[in-house]
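Presented sequentially are two complexes of chain A, the first with chain B as partner and the second with chain C.
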Partner chain A sequence: MGTLSAIIVDAASFSAWLFLVAVGLTLIFGVLRLLNIAHGAFYSVGAYAAIYAIGASVALGWGTALQLAAALGAASVIGALIGLLVERCVLLRLYGHPEPLVLIATYALFLVLDDLTKMISGGRSLYAAQPRDNLGQIAIGGLQYPTYDIALIGVSLMVAAAAWYTLNRTRLGRCVTAVVFDSEISAAMGIHVGRIKTGTFIVGSVLGCIAGALTAPKIAVSPGIGVEVIVIAFAVVVVGGLGSIPGALLGAAIVGLARAVTAHLMPEVEVFAVYFAMVAVLAVRPHGLLAPVAARRI
Partner chain B sequence: MKGHRMDWTIAALLAVAIVATVGAAGVPSWIRYLGQLSTSTALASVGVMILLRAGLLSFGQSLFYFVGGYAVALIARYGGVTDALALVMVAAIAAGLAAAIIGQLLAGYRGIFFSMLTLALSMVMFSVATKVRLFGGSDGLNIGLMSYLGYRPRGPDAQWASFVFCIWVWTALAIMTHAFLRSRFGALIPAVADNEIRIEYLGYSVRKVVWVAYGIAGMLAGAGGALAGLSARHVDPQFAYWTTAGDFIFVVLLSGQASVLSPALGAFFLEILRSYASALFPDQWQTAFGAMMLAIVLFLPAGLDRLIVLIWSAVRKIRALRPHTLERGRSS
Partner chain C sequence: MKTKLRLWAASTAAMLVCLTSIHADPAVAEDKLKIGLVFFLSGPGAAYGSHARDGAKLIAEALNAAKVPAPYDKAGINGLRIEPVFVDEAGGAQKQLAEYRRLVESEKVDMVIGYNSSADCNAIAPVAEELQVLTDFFHCGNPQLFEDIVTAPEYSVRTAPTGTMDQVAAAKYLLEKMPAIKSVSGINQDYSWGQDSWTEFKAAMSALKPDIQYPAGLFTKLGTSDYGAEISALLSSPADALFSSFWGGDADAFALQASTRGLTEKSKFVLTMGTGIIDDLGEKTIVGSIFGARGPHGYFARKTPLADWFKAEYLKTYHRVPPFGAYAAAQGIFGIKAAYEKAAAGLAGKLKTEAVIAALKGLTFETASGFPITMANNNGHQAIQATAYGVYAGWDKAKNEAIVTDIKVYPAECVNPPNGVRAVDWIKSGFKGAKC
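Let's look at the complex of A and B:
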């Protein structure tokens, strides 16, 4: 019984993290039709921004809420700036180019951004665990968990709800959906397609940075944390179906459960759980669980 | 292929190999060493190039590079084999087999699915490699001195022999790959990128074309890894890391996809760049690397070799035109 509740809580907490990391990636893919490898770098940039923001606010003697607000604020501002820069200077010139070329461009961006975090931090491992420590522990099913990790589940669900609401219940969201469906017709209908694309990319990169910022208090932030994130985020997104927000939620749940079950029952294969889940789903549904069926191109 | 006409690519490959062999003793050993490393990178990059012609970007060729390098190290250590040629052949076959098995799984995927699955596989291999004791953990394995068909050079001769060996392995494999790409089956590879359904209507299996291309790319990467292991006389899990696969992509991006010769230029440039960059700005290497890739993608997406091909075809066109225009001038 103890193991079962531990598995459920771990799965929920890990799934919440996976969703946060993957939602920006799937949003960008959905609208811009490109897989942004630089998303991994956005994540590590956000984590570093949070580390410095938390460090500064601790030095100023601010409380936990302000520390977290500072971390999120710093990550959002930097994410928005980088997103704007990347979309305007690089991706804008590559729309309509062959897929491998765009993939290479985002890979190159990943290398540059990853190196910049290394230059700024000097390649050391940095910690900012104060907000997480201050929030204390909470007992679930006889086991103690950090309140911060449990709260992240709520944050993640809130992000999912906000994304769903914006896309399905607002005018802006309908414009975005129209651009996804057919950008030429949307332009003819008076939607500013370029602005929608830029905006989506900025929101996606802010989400990537926020994911890093929220993870920063839980881990030792060091160079190279972005590499693993991009592959895991891709696995999550692919399981659910590329470009679909509910798909990312479902993918995060499945991959999180797979990881939690193996971590408790077969720890030696835990590293591979994510990939096994991805390969198993892709073998049955090659385009993910919630992806719409598409005709072959001729 | 028209048998009676000279194939310029094969002629150029042989010329490079002969010049390198004859001139090897005359150049400083560090240039020889860079050349040697470029042959290994070039072979793996040719594999990336073949897949890219089919519209597939592999982020996982480092997996087969790793298989090739470790096949050499393990067989030399536990099997007591010291003949370089035998080791390279075994390594290439081992990597080719691995690619044939993995290719069965991957042949159904295209685009980013293919790219990310290859990336995931190489990352799994990397994390396994750092943990398994047989592979020497994150320190890797050392490789002893080699013999070449019975010739056992020692001291400075060993480096010279190793260089010449690498050059000729590269030449032989490049000629074979060139012949494959010129064959009817090889001509189907770019067709996969153009239109898959048309290939199926012509009676070929797209799946099989992709599978064969992946197998050959894996074999070439394995041979490249074997040469890299023999050159550095050391292999480590970094062989499997995704940045190694990124290097091959950089080479193909830089040099373009015009012929099997192109990646050799890119690979040599990469090795020179790497050795200078690590001396001049060791901490900004990735930035420089990424910025160059971005610049090429944005301003010269076809690769540098397109320029050479364009000039060459212009020269040939002028030469072909000249008698024709003279004739026309006479008749009018």
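Let's look at the complex of A and C:
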């Protein structure tokens, strides 16, 4: 029973983190048909922004809520600025070009941003665990878990709900959906496709930065943290279906569960299991579990 | 008289032939020595590699300015100005092979010092032999490099001991601190360094205490952020001690997360690269953890004029005590300098690579940690050195440095395999021939 509850809690916690990391990536792909490797760098930038914001908040004597608000605020502002710059200065010129070209461009951006963070912050690990420490521990099934980590499960579900509601129940969401299906018809119907694309990219980059900011109190932030993140985020969105937000949630749950089960029961195959889950899903459903149905244009 | 003159002429001619044979072609002789320095400068390894780069840069500049104390007080290397060419080790072995060829064929470096990743060392060493370029694998720890990959090295050398030393000393130290210990679990990175470290540590523990149990041996991907599931698994069946060879950001993240969840109260942490955590986390380091430094570096360094100078100079330049990556880079350069100047025997100018390597074989040279290194193994191509372990007892806020207690130094011949014996075989033999 102890092991089962530990597996469930660990799977939920890890899946929540995976979803936060992957949601921006899948949103950008869904709307812009763009595999954004730079998403890993957005995560890294968000984590560094949070480290400095929390450090400043602690120095000012602010409480936990304000420390977190400062971290999220800093990450959001920086994410929005970087998203705007990247979309306007780089991606705008690449829309309509072959996908591999755009992929390489975002990879180049990833390297540039990663090096920039290193130049600014140095090679040293930085940490700002105060908000996580302040929230204390919670006992589940005989094991202690940081309340912060458990709270992230709720945050992740809220992000998922907000994304679903915005896309399915608002006028803006309907416009985005229209652009996803056919940008030319959408433009003919009066939707400003350019703004939708820019806005979506900015929201995606803000989500990437927020994922980094929320992770920062859990880890030591060091150069290159975005590398592993982008790999596993791709695994999640590919399992769930590129461009599908419910798919990202499902993919995160599957990958998180695979990791938690193997970590407890078969640790020797833990690393293998995550990517085996991805291969197994793709072998059965090459477009992922919940990939949006694509209309064939003739 | 004629006979004496003939003898003098013959001996002078012989000396000239000897000297010519170790010196490079005068037509290409220059007053600089171009050295490729390959460290992780980006990606997860940069947390370590940037320290190595800083250390190498400091030493190269200080040597060029003849500011290093004895025995390295001669300018540059044998009077030749060091011209460093820094290369990023990130990107994988294939990229490193291309970079290595670029360094040799395009940059025309005289030698290469670098490579922290065991995978990169394994890939580069055969090419170093093929291109006949002196290559000092300054810090990768895998014994396989000279046991399996290049078994008769001619141009590849390693001026750092293998990781065997770390694992054997950790096992000995742990048993001295906890003689009644019954179980040890492990969590290591899922590549050759982590796999080898756990294998050797288990072998050493079993050799010293055959009834020891290993409830869990976990491996995680390099660069993992969240260790929640692994910590839960380790908490579910806690061992008396937990062994880890984590380094860089992984080590810091794991230490922070494990500490928060109380794993440190259930298991005594044994961290072979723990000094890196102290360097990064400072007072957030796990109190009571046993830690090493891939050698007697940092907090274990002995007081010598050279060691004191290095620490003070690094502190002045980078505003922190030197991390162990900086020590490793420094000893890599010092080893080459010592060999070069021994081979030159007082004569200025550039030498042939073979002469430098011949001088390095069996050489004992001083290091920035105060503990000498001897090129004792694998036909003089592999270093051995003493190492040390200690306990992190807290943070001295007044001095802004760690309080380290129970430091124990293990002699080089005690924790390194003898020449010609495979590391794992030596451990399994019960450390036959060890001089402790």
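General remarks:
Operating definition for what follows: the second predicted complex is superposed on the first by the 291 of 298 C-alpha atoms of A that agree within 3 Å, B and C clash if a C-alpha of one lies under 4 Å from a C-alpha of the other, contacts with A are read in each partner's own complex, and residues count from 1 in each chain.
By our rule, a residue touches a chain if its C-beta (ideal position, glycine included) is under 8 Å from a C-beta of that chain, and two chains touch if they have at least 3 such contacts.
Because the structure is predicted, anything quoted here is derived from the model rather than measured.
Overlap between chain B and chain C is detected when the two structures are superposed via chain A.
In the superposition on chain A, A:Ala129 makes contact with chain C only, while chain B stays out of contact range. Contact with neither chain B nor chain C is seen for A:Thr170 once the two complexes are overlaid on the shared chain. By the touch criterion defined above, A:Leu94 lies against chain B but remains apart from chain C after alignment on the C-alpha atoms of chain A. In the superposed pair of complexes, A:Ala105 makes contact with chain B only, with no contact to chain C.
By the document's definition of touching, both partners, chain B and chain C, reach A:Lys118.
Applying the stated contact rule after C-alpha superposition, one finds that A:Thr215 touches chain C and leaves chain B untouched. Clashing C-alpha atoms with chain B appear in just one stretch of chain C from the list 99-107, 207-215, 297-305 or 405-413: 99-107. Residues 111, 114-115, 118, 123, 227-228, 271 of chain A lie in contact with chain B in one complex and with chain C in the other.
Per the touch definition, chain A reaches chain C in the complex via residues 2-3, 6-7, 9-11, 13-14, 17, 111, 114-115, 118, 122-125, 127, 129, 132-133, 137, 143-146, 149, 215, 218-225, 227-229, 259-260, 263-264, 267-268, 270-271. Of all residues in chain C, only 41-51, 90, 190, 216-226, 228-230, 232-233, 235-236, 248-249, 252-253, 255-257, 260-262, 279-281, 284 touch chain A in the complex they form.
Residues 52, 55-57, 59, 105, 108-109, 111-113, 115-117, 119-120, 123-124, 127, 195-197, 242, 246, 249, 253, 283-287, 289-291, 293-294, 297-298, 301 of chain B are the ones touching chain A in the complex. Across the interface of their complex, chain B is touched by residues 35, 90, 93-94, 97-101, 103-105, 107-112, 114-116, 118-119, 123, 227-228, 231, 234-235, 238, 242, 271-272, 275, 278-279, 282, 286, 296-298 of chain A.
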